[in-house]
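Just below is one structure, and these are the notes that go with it.
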Amino acid sequence: MATAPTSEVITPATGTPAPPGRSALRTHLPRVVLYIILALFCIYYLLPLYVMVVNSLKPLSEITSGGMMSLPSDWTIEPWGSAWSTAQVGVEATGLRPYFLNSLMMVVPAVAITTILGALNGYVLTKWSFRGSTLIFGLLLFGCFIPFQMVLIPMARMLGLMGLAGSVSGLIFVHLVYGIGFSTLYFRNYYAAFPTELVRAAQIDGAGFFTIFRRILLPSSGPIAVVCIIWLFTNIWNDFLFGASFSDFDSQPMTVALNNLVQSSTGVKEYNVHFAGAIMAALPTLLVYIVAGRYFVRGLMAGSVKG
Amino acid sequence: MGFLDIKNATKSYGAVKVLYETDISVEEGEFLVLVGPSGCGKSTLLNMIAGLEDVTSGDIAIKGRSMIGVKPAERNIAMVFQSYALYPNMTVRGNISFGMEMHGIAKPERERKIDEVAELLQIQPLLDRKPGQLSGGQRQRVAMGRALTRDPDVFLFDEPLSNLDAKLRVDMRTEIKKLHQKLGTTIVYVTHDQIEALTLSTRIAVMYGGYVQQLGTPKEVYDNPANMFVAGFMGSPSMNLFPARVTNHDGTIAAEVRLSDGTQARLPFVSGTMAAHEGREIVLGIRPEAITDRDGADRNSSAIHIVEAPVELTEPAGSDTFVATNMGGKDITARFRADVQVKAGDRFPFAINMEKAVAFDPKTEARIA
Amino acid sequence: MSHADTPRRSRSVDWLRDALPKLVLSPSIVLVAIFVYGFIAFTVYLSFTDSRILPSFGWVGWQNYTNLFRIRAWDTAVTNLAIFGVLYISICCLLGLLLAILLDQKIRAEGFIRTVYLYPMALSFIVTGIAWKWFLDPGIGLEAVVQGWGWESFRFDWIKDSDMAIYTIVIAAVWQTSGFVMAMFLAGLRGIDGEMLKAAQIDGASTFALYRRIVIPQLRPAFMSAFVVLAHMAIKSYDLVIALTNGGPGTATEVPATFMYSYTFTRNQMGIGASSAVIMLMTIAAIIVPYLWSELREKK
């Protein structure tokens, strides 16, 4: 239900009725085995999530005594409270809350600006293309595939020069710069399939560059905007490298704070708190995936298979 | 100077020339059809008139005013597109109103215009629907309605019927023609369908390979094609073109044609000008309807010649029967009355109307008589 | 009168109108020109300098590169990347293909199963790393649990074992990405012409032959895309290693991405860090550039 790209296609498996005389077991056996295999894989994929959830709801002692796989015998939401507001993250015992808010403040503007720029770029590259526009697109796109280690050193200095070092604004800027390629890719491919005759008709009707964009293309851009926003949101929310490189203690995003929480070598390892924190960090993107899975998958595919 | 003047206009993409020097002068109220196979330059020329593509050299003028550098919206033209190009997010009303809105026309005036056009095209019940909810024919009407609100100097149609099914296409063709007669606007219409060209136009420009091959009234183009391309392209089934030799027997200038059984048939020319070509190889062009059974021949023609030839194939088509034979090594289609008793293998008398015959130079493909 | 030769953009309004699309595009072009290509150039330049804690501009030629290849940790990082890359890409492809084919058998609840297989892709590598880190931890995770069930001699301590730790990264990475590869292959399978499959069945092809001879060869584009995406993720993988093993035990799971980071920012060997980044870029470019080239050329 969450993900359901239409699948009205003939598949090689045909449910040919069994010839008479064969036992029911023999006919059904392959399908039973098939379902068992599929179910085993479901367990494989769900197991880590199960581990995270159940262990975030039990006292630490139940985990350290070898009960990681069992359901809590003593249910508690205390690890969640601790992870959210009191756990020691780095030097201060603030919990993950401030960092969760940092991530939110970072992801919303970065996604919004990058999406708008991508839409405009895609519009220009398809409906007002000029000599060399494919090359420019290729260069934009290559920018999202480079190993970002290539830009860490100069970016650190540049953010300093721009007065954005160690701030959430700096992170917004970084994500914006390296997100443009993908958002342009989405809108370019989408607008390429948008009938050019509509643009021409609007030109004859007297509409200008921005009017055509706003009145003709934008109203039809809902699906691709959703795909683009989900992709950017997931990527930026889940980013670790930029967050670790360009943030201060008070501007760290969720992923970095979570890692600090888990890696901190002082004191007892509170596995239950770690799991609760991990779920918190995963929740926004998981929620997006469950609510808008279809678009999420389309975004993933478009990010890899151009066209 | 005409109403719409295309003066020596050309179009190139880099080194590729897609339209060679073209001169067409269209009078007010004319219905000009640009017809030709795909890639002939007809749509390019239309887009140049619309201002959607630049003119590489030459000029296009409407009412004596050069359109070079004038935006499409300021040319006072309207255009109906092949895909109709209806804005999917707006209602029919919004689609028709959009252009007027862009031109700053006040709302009451827009409403009045929409009602007027909707009534003319009988689309009042559709006004609040979205294009996605309309059938092909309805979309077609809306697209025309949108164009009509502009009171344009020139109406441009880009293959407007090619997305419709066969029956609807015929209906809409009639409707466009009625509309033209009623409104008397100047129309430039692009199509690859030669029947549309013949039925709709007051003049036709037949295009091929970036050149206008012939410009003339439907009758001129049909009866007196300028060259073998036009002869073959216009008309269905297309004109029979087959090699012949010009001979002179006791002062009678005739085309000598070899039949499939090795015998020669002699077809005397009506026009005297063929004497100049005595002894030469030519390509003779005769339309299927000018090759008939004896009783089906045109009674007003004084130049019916009977040729006995072997029948190779018959294709009954309801109102007519098409009969295939061979002349000069080419397959020939003749148009017989439906009830003629004829079957493949027969030797049968074909009545050829030489008043309708044309001759071409086999090298230049141009018409010589 | 002919306007053929008169310049058309005499009025400034016209100029603006014609230039508007390019003006709209220009901020992105400028940003990418500076922050991608300018920075690449800068880092390439740094890799030829004696930069240590801060950029410095003393030219040292190829010295950073020769030093780089003498460093044991870099050697480990490259070896690890090779092991990780080969296993990660091939297991993901095989598993993805298998799951796609299994799911393509008119499965009831296909939508649900697909959702389950794919959800790890929505998670951060940090989250994945933490989940697997504790699950594989011999003290509390799988080993302890199985021992607690009574199998006392059970051992699964790869994550603490210098020789085996890199394989735990493969396990976690495959868990995260294989569902995505499945989705790519599934889309490829669904794109195959149904009539052709009918024809093959009429020709008497068994299900096995149908897949081996007809279906899988047609998935070549999906394989290509999967390979490019996975290879590029493998080379860039940083977060997962940090969260799962933090490069350890010792430097056993160091990969080029973590190597670059630690040499640049904690060991103050910026010149060497830059040269390692350049090598990563070259490797990725060798995969991505031909791919982008072919994808964008087809589109013209």
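Chains here go by letter, A, B and C, matching the order in which they are written, and residues are numbered from 1 within each.
Definition applied: a contact is a pair of C-beta atoms (placed from the backbone, for glycine too) under 8 Å apart; a residue touches a chain by one contact, two chains touch by 3 or more.
In this text the structure is predicted, and so the values were computed from the model without any measurement.
Peer 1: In this assembly, which chains make contact with chain B and also with chain C?
Peer 2: Touches both chain B and chain C: A.
Peer 1: Of all the other chains, whose mean CA position lies farthest from chain C?
Peer 2: Relative to chain C, the chain with the farthest C-alpha centre is B.
Peer 1: Two chains share more C-beta contact pairs than any other pair here; which two are they?
Peer 2: More C-beta pairs are in contact between A-C than between any other chains.
Peer 1: Indicate the whole-number Å distance between the mean C-alpha point of chain A and the mean C-alpha point of chain B.
Peer 2: 56
Peer 1: Which integer distance in Å separates the CA centroid of chain A from that of chain C?
Peer 2: 15
Peer 1: Two or more other chains in contact with one residue: find those residues in chain C.
Peer 2: 17
Peer 1: So which stretches of chain B touch two or more other chains?
Peer 2: Each of 71 in chain B touches at least two other chains.
Peer 1: Can you list every residue of chain A that touches 2 or more other chains, as numbers and ranges?
Peer 2: In chain A, no residue touches two or more other chains.
Peer 1: Using the touch definition from the top, list the residues of chain C that touch chain A in their complex.
Peer 2: Residue list for chain C touching chain A: 17, 20-22, 24-25, 27-29, 31-32, 35-40, 42-43, 46, 55, 99, 102-107, 110-128, 130-135, 139-142, 144-145, 147-148, 175, 179-180, 183-184, 187, 189-190, 194-195, 197-198, 201, 207, 210-211, 215, 221-222, 225-226, 228-229, 232, 235-236, 238-239, 242-243, 246, 256-257, 260-261, 264-265, 270, 273-274, 276-278, 280-281, 284-285, 288-289, 292-293, 295-296, 298-300.
Peer 1: Which residues, counting only chain A, touch chain B once they are in their complex?
Peer 2: These residues of chain A touch chain B: 195, 197-198, 200-207, 211, 215-216, 219-220.
Peer 1: Using the touch definition from the top, list the residues of chain A that touch chain C in their complex.
Peer 2: Residue positions touching the partner: 1-5, 7, 9-15, 31, 34-35, 37-38, 41-42, 44-49, 51-52, 55, 63-64, 66-69, 117, 120-121, 123-125, 128, 130, 134, 136-143, 145-155, 157-158, 176-178, 180-181, 184, 192, 208-209, 234, 237-238, 240-241, 244-245, 255, 258-259, 262-263, 271, 274-275, 278-279, 281-282, 285-286, 288-290, 293, 296-297, 300-301, 303-307.
Peer 1: Sort out for me which residues of chain B touch chain A in the complex.
Peer 2: 50-52, 71-74, 77-79, 81-83, 85-90, 98-99, 102-103, 146
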